[in-house]
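Lettered A, B and C in written order, each chain numbered from 1.
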Amino acid sequence: MARNSPERFRAGDLVGLVGGTLLRADADLTLNRLASLEHAQPGDLSFLAAARHRRNAAASRASLIIVSAALADALPATAAGLVVDDPYACYAAVSRWLAARARPALTGPAIHPSACVDPQAQVDASARIGPGCVIGAFSVIGARVSLGAHTVIGESACIGDDSVLHPRVVLYPDCSVGARCIIHAGTVIGADGFGFAHEGGRWSKIAQLGRVSIGDDVEIGANCAIDRGALEDTVIGNGCKLDNLIQVGHNVRIGEHTAIAGCVGIAGSAIIGRGCMIGGGAGILGHLTVCDGAVISAMSLVTRSISEPGLHTGVFPLMPNADWERAAVALKRLPALRDRVRQLEQSLSESTEAPGSPGASGPDPKESP
Amino acid sequence: MARNSPERFRAGDLVGLVGGTLLRADADLTLNRLASLEHAQPGDLSFLAAARHRRNAAASRASLIIVSAALADALPATAAGLVVDDPYACYAAVSRWLAARARPALTGPAIHPSACVDPQAQVDASARIGPGCVIGAFSVIGARVSLGAHTVIGESACIGDDSVLHPRVVLYPDCSVGARCIIHAGTVIGADGFGFAHEGGRWSKIAQLGRVSIGDDVEIGANCAIDRGALEDTVIGNGCKLDNLIQVGHNVRIGEHTAIAGCVGIAGSAIIGRGCMIGGGAGILGHLTVCDGAVISAMSLVTRSISEPGLHTGVFPLMPNADWERAAVALKRLPALRDRVRQLEQSLSESTEAPGSPGASGPDPKESP
Amino acid sequence: MARNSPERFRAGDLVGLVGGTLLRADADLTLNRLASLEHAQPGDLSFLAAARHRRNAAASRASLIIVSAALADALPATAAGLVVDDPYACYAAVSRWLAARARPALTGPAIHPSACVDPQAQVDASARIGPGCVIGAFSVIGARVSLGAHTVIGESACIGDDSVLHPRVVLYPDCSVGARCIIHAGTVIGADGFGFAHEGGRWSKIAQLGRVSIGDDVEIGANCAIDRGALEDTVIGNGCKLDNLIQVGHNVRIGEHTAIAGCVGIAGSAIIGRGCMIGGGAGILGHLTVCDGAVISAMSLVTRSISEPGLHTGVFPLMPNADWERAAVALKRLPALRDRVRQLEQSLSESTEAPGSPGASGPDPKESP
């Protein structure tokens, strides 16, 4: 039984929520749950957000489908429609509404008795502090903040209003998280950046004196590591969305509304623009700049600054292994191959200079006797 | 002093455990510990599982070596043999037996007094709940389950019999783990998938209404992140083995007995077959299908569905950096090189069109002067 | 307000700390904080550590700049200098001194009342044990060790003097951490290595009987996973520095003073030398050897042993996506292209065998009629 199943809802509720016009249904149509076109059962709500899913819509058993006017003809006879301007955005809004219904805001004691809150911390009376949380001196926890179990907030750290930290987040001292953020379990914000001086064959530590500053409306997935700055701060702009297992090095600055998929690593002092999209497993070297609107393909490595928006890729194409072995050997010898081609071009150019046989790129045939 | 050293064991114990026949030893031969062929000392047990290790066996100081009949001649004169059908499987069985001897099942209070168990949770009386665990309402904890310190079990989550969760695992609400699973420290199961709708330059959250469903006999390493589904569930089949630091995106389905090495990232809605093996650091893009029995090389990116089992690879071969620089430049110019070769082919074809020698694709030789 | 801002310091303090000679300043020059050349304000201290930053120094508003004699002429007239032999090492030393001033050693109860310390553990009286820590039987915690909140120390594990474990580290049973180590939040040391025997389509677990042994002066970042050995131990040598989200497989041995950047994965039984540097996101396959002093570029995969120190690279160069598509197609056909070039070479050699026009690599012209 899925998380959104506890209670049915009405088509009219949806119109109240996202607007739009009902097609072949009235407001009292009762719905069981939200499901994909493929998995929907009679009684379910679904959505058609792109023309490439027309066929799935035509075959869907859903009873009500959120759809744009342009695609309304794709609905099967068995489905009513909720016609809206942006079906995907409406799906997002409905999903949030259903989630809130399925798991209403918690009530009960605001600070769990097992939490360990420093008397010099400022915790808003409306905040909820889970079991085992540890909150350091001089930290500030905003209104309606929710901290999951065992979350650790360092000294002088602060969290803006309405943010949710899931269990086991660590926010190191002095770091800040903005308002309406969501940080998933296990993420570590503000550990030391990777900075060492090489002295006589050993590494001596450079203390990391900067902080991490995270804007408003940022979401960060599970088990990420966002390092504090060496001197200045590491900054993640408003509205950024980070997936799981992402490393953000010290002094990195990420512009607003940039989305970063899972397993990405960003090295120290990189500057990422606004509205970028970085594919899963990609890497960005340090001390370079990625311009606003750049898109990096999955598992590609950015080795130089990018000054043009649009998609950039650098990944070896997947092949059956025997083909790969041949291609890899040929790739190793590619500079030699280029030399051989150059040699061929010269030889051909010379050989075609023979009397009466002008080559394409050879000397002017008129010069021939 | 290694974990398996506390107490000696007898060759006869091994025969009782895995069967087989002793060669040049009787059941009373006493052994100190299990070690690799290279590191074994006199008095130790070792194993020879593949012909390529014959030389290590011949040089080993082990007193008893688990071996197949086919390789028994590889043993040195100083070693007795335990001849079995599958030495590697016997090694596995012996290792498990020694581990259980070295660290017997815990006794003492079943629920640590510092744990925080919701009165509406169902915890089997035989389960062991470690210090600081937090167990949500309506969750179900099976028989003989062991939860390490600070593990957090969300509302309505459930864990099958005999599963072991090491310290600091987080199981989000509604997610389920099957029987006989092992989940290592720091792993997060059921955080929100990475789903957002783009609206006017901003990302609006798509609530993740699905769950995570993990089968029986699954092992998951440390600090992984397995996301809950957007609408339907993320599913990991029976017998799957996942290493550390692995990301599994929302709606992913992984077939039974698939093994995934460390640092792999699987994007949302990918379908992975049964009995696959995925090398460390590999990536799998979303919304594609990998067939049963496919094998993906380390750090290769799967960009399209795979319909043929067997090994697939896509990785740039490692080179001394100066060679790499030349190869990378040549690779960037590879399409141009191909054009040059095509041009050469044409030119050569034309140049060989000398009178009496018409080229296959050249202009009509009659036009030649 | 940055972490290093609470109290001003004097130029004379710096001379006392790192030596060197003041240029255009006396010991009473008062400084506000340490900043980069670009961000420094009047009153700040900065440093110039490489000739390539001369221009930044010339434009810097810092009041005092740590500099070598060779670069002292790069300072602007507004800045005094502290002339030393190794400005970067001095910056490191000053950063550590400022960090210690900004966050002095904690005082108060040595073992937090919420910690759960086994009566058979040996905890030095000078150690500080944070809230919610769990310390197993027979473990040994050295002098002046600091354990952050919720850190879990398994049975028979041990930690050397002066080491700092940040919140939520897990040290599995029997594992050891040396003296003066720093382990960041969320890191898991000693989870089971990824070892299974394949038996009839299923994976049977190989118990991991080895341990993890970490030397002195090692730093490990956040959310790493260092697996215990299968039979022998996983070993990380003295002075190694590991960044975040790194996987170290079972039986791996890493030589002293090797530095490993974030998101690296090292597969089981790899042997890494001393003084190596491994770039972010790189991968190292199992059962191979990397020699002392080898340097691996970011996101490169080491597939064979490396016997020569110096830089090794294997990464597909980043391109605008349309260029990449052409290059990827051409790469797949590269073996065929090589065959075409070979064919061209043969054809040209034959075609140039025409009377009176011997080809460079053609048959002996004397054979021509």
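Definition applied: contacts are C-beta pairs under 8 Å (C-beta built on N, C-alpha and C of every residue); 3 or more make two chains touch, one makes a residue touch a chain.
All figures in this text were calculated on a predicted structure; none of them were measured in a lab.
J.: Where the contacts of chain A and chain B overlap, which chains show up?
T.: Chains touching both chain A and chain B: C.
J.: Examine where the copies chain B and chain C touch and state whether the two sides share over half of their residue numbers (same) or under half (different).
T.: Different: fewer than half of the residue numbers at the chain B-chain C interface appear in both copies.
J.: Indicate the whole-number Å distance between the mean C-alpha point of chain B and the mean C-alpha point of chain C.
T.: So the centre of chain B lies 25 Å away from the centre of chain C.
J.: Can you tell me which residues of chain A touch two or more of the remaining chains?
T.: 114, 132, 150, 168, 186, 223, 245, 263, 281, 299, 315-317, 319, 331, 334, 337, 341, 344, 348, 351
J.: Which chain A residues qualify as touching chain C in the complex?
T.: 114, 116, 132, 134, 150, 152, 155, 168, 170, 172-174, 186, 188, 191-192, 194-197, 199, 201-211, 223-225, 227, 230-233, 245, 247, 249, 263, 265, 267, 281, 283, 285, 297, 299-304, 308, 310-317, 319, 323, 326-327, 329-331, 333-334, 337, 340-341, 344, 347-348, 351, 354
J.: Which residues, counting only chain C, touch chain A once they are in their complex?
T.: Against chain A, the touching part of chain C is residues 2-4, 33-36, 39, 86, 88-89, 91-93, 95-96, 98-100, 102-103, 112, 114, 130-132, 148-150, 166-168, 182, 184-186, 217, 219, 221-223, 239, 241, 243-245, 257, 259, 261-263, 275, 280-281, 298-299, 315-321, 324-325, 328, 331-332, 334-335, 337-338, 341, 344-345, 348, 351-352, 354, 357, 359-360.
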